[in-house]
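Consider the two complexes below, in which subunit A is the common component and subunit B and subunit C are the respective partners.
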Partner chain A sequence: MAHPVQLSLQDATSPVMEELITFHDHAFMAMSLISFLVLYALLSTLTTKLTNTSITDAQEMETIWTILPAIILILIALPSLRILYLTDEVNDPSFTIKSIGHQWYWTYEYTDYGGLIFNSYMLPPLFLNPGDLRLLEVDNRVVLPIEAPVRMMITSQDVLHSWTIPTLGLKTDAVPGRLNQTVFTATRPGVYYGQCSEICGANHSFMPIVAELIPLKIFEMGPVLTL
Partner chain B sequence: MAAAPEPGEPKERKASCTSLHLSYWKAFKLLGFLDVENIPCARDSILYGSLGSIVAGFGHFLFTSRIKRSCDVGVGGFILVTLGCWFHCRYNYAKQRIRERIAREEIKKKILYEGTHLDPERKHNSNSSN
Partner chain C sequence: MAPEVLPKPQMRGLLARRLRFHMVTGFVLSLGVAALYKVGVADKRKKAYADFYRNYDAMKDFEEMRKAGIFQSVK
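Moving on, here comes the complex of A and B:
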């Protein structure tokens, strides 16, 4: 989860998120330098004593400030498109889980090897234990394996929702009447939090997602498939 | 998790919200937003860019004695050198990450298939003997 006052991205837990962080750093550096240049140009313009009321054109400068931004945009667009297609890759998932959004909770279905279906409600503050996270903890977490491609099929039973886990680089809309797919491979175990990311009513802020990622060996033993 | 303190030992100070905030505020960010500590290649690029800016600006001033134009050259030098170092470093960083990933996959494969007919080393040895 994010630490207090965090503005930056969370640490990556999947290769796709690592690529997204890398791209973010790249675009951020380009943006910072351009902003610095524009700020300097603005300050120079405001403080110059030079005036010329008969400038008609400046062909060389106009050529530079047309071609250079085009080059910068290409240098930003190429990695962006690469990551766009990377996020759409589906590498033979080992496991499929369905996530259904409701007002205002999530339902998870593990139907590959049995018929496990359960709801995941936010824990109200009165029910929290010391050390628990307010507005983030749920009664039943979605348990997933690491180092295995997992497919999430996401839909909604009523209005639009969005299933999000920032550290995995996942954000997929839950659209009623539509089945959206996202595939991810987690690289480290732990408990990771997300929140509904599409306005869905009064309790939109109170339907979090908690993914408990455990080693594949332990997941295969089947603790999650028995209620 | 920390072990429970022995009797007589001073109790550990519990991490409070304030101390957590202070520790996060201590992380250095250039101009308040550029996290040069944690972004790979950022620190080196900014440092080389600053050096390039000083060299270009000061050098221009030494030859021309024009202050404002030297400042412009300095800023231009900063941007060009920073960008150049940035792209060069990120390219090498990306190549290194690819090499690390390939090495990790090969080590996993070797551990998994050692002694079996799928052992990569056995395949390589039979190819070289043929």
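Moving on, here comes the complex of A and C:
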């Protein structure tokens, strides 16, 4: 989860998120280049008494300030397209879990090797233990393996929701009547948090997602029934 | 006695000269800012991730977390 006043992206827990962070750095670098140039031009215009009120036909300048932005945009677009296709790669997932959005909780279905289905409600503040995170903890977490591609099938029972875990680089809309697919491979064990990311009513801010990522061989041992 | 004649000052093209100087300086400085960001932030971050994962032991990390009691599914 984010630490207080965090403005940057969360640390990556999947290779795709690492690529997203790298792309963000690339786009931010282009943005700071342009912003600095414009700020410098603005300041140098404001700090002179020299003027020219009859500028016409600056063809060379116009060519440069058309071609150069086009080149910058291409330099941003190429890595963007690369990562767009990277995020859509589906590389033979080992495991499929369904996530169904409701007002205002998530249902998880593990139907690959049995029929485990459970709801995941936010823990109200009065039910929190010391050290728990307010408005982020849930009663039943979704348990997933690391170092194995996992497919999430996401849909909704009622209105639009969005299943999000920032550190894994996941944000997938839960649309009623539609099954959206997202695939990820996590690299580190731990407990990772996300929040519903599509306005869905009064308790939209109170239906978080908590993923417990554990090593594959521990995951394969089967669920510890905490329901 | 003949009066001293000063050299004629530059009277034209002052703005053009200033613009040329500042456009070049602006481009160079902004490329420098971009290079600083690339080296100081972007490459540093990539190296940090590479260093983290070079000798990373997921099982050891998991065991430490399990002993700290953060997991619900494994105690």
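A few notes on this one:
In this text, the second predicted complex is superposed on the first by the 223 of 227 C-alpha atoms of A that agree within 3 Å, B and C clash if a C-alpha of one lies under 4 Å from a C-alpha of the other, contacts with A are read in each partner's own complex, and residues count from 1 in each chain.
Throughout what follows, a contact is a pair of C-beta atoms (placed from the backbone, for glycine too) under 8 Å apart; a residue touches a chain by one contact, two chains touch by 3 or more.
Fair warning: this is a prediction, and the values are worked out from it, not measured in the lab.
After overlaying the two complexes on the shared chain, residue contacts for A:Leu136 are found with neither subunit B nor subunit C. Looking at the shared chain after the overlay, A:Ser44 reaches both subunit B and subunit C.
When both complexes are overlaid on chain A, the residue A:Asp25 reaches subunit B and subunit C alike. Of the two partner chains, subunit B and subunit C are each touched by A:Leu33. In the overlay built on the shared chain, the residue A:Val5 is in contact with subunit B alone; subunit C does not reach it. Contact with neither subunit B nor subunit C is seen for A:Met153 once the two complexes are overlaid on the shared chain. In the superposition on chain A, no contact is made by A:Ile76 with either subunit B or subunit C.
Touching more residues of subunit A than its counterpart among subunit B and subunit C is C.
In the superposition on chain A, subunit A positions 22, 25-26, 28-30, 32-33, 36-37, 40, 44, 48 are in contact with subunit B in one complex as well as with subunit C in the other. Residues of subunit A touching subunit B in their complex: 3-8, 22, 25-26, 28-30, 32-33, 36-37, 40, 44, 48, 75. Here subunit A touches subunit C in the complex through residues 12, 18, 21-22, 25-26, 28-30, 32-34, 36-37, 40-41, 44, 48, 50-52, 140-141, 143, 146-147, 187-191, 212, 214-215, 218, 223-224, 226, going by the rule given at the top. Residues of subunit C that touch subunit A in their complex: 14-15, 18, 22-23, 25-27, 29-31, 33-34, 37-38, 41-42, 45-46, 49, 53, 56, 58-59, 61-62, 65, 70-75.
Residues 17, 20-21, 24-25, 33-35, 39-40, 42, 45, 68, 72, 75, 78-79, 82-83, 86-87, 90, 94 of subunit B are the ones that touch subunit A when the two sit in their complex.
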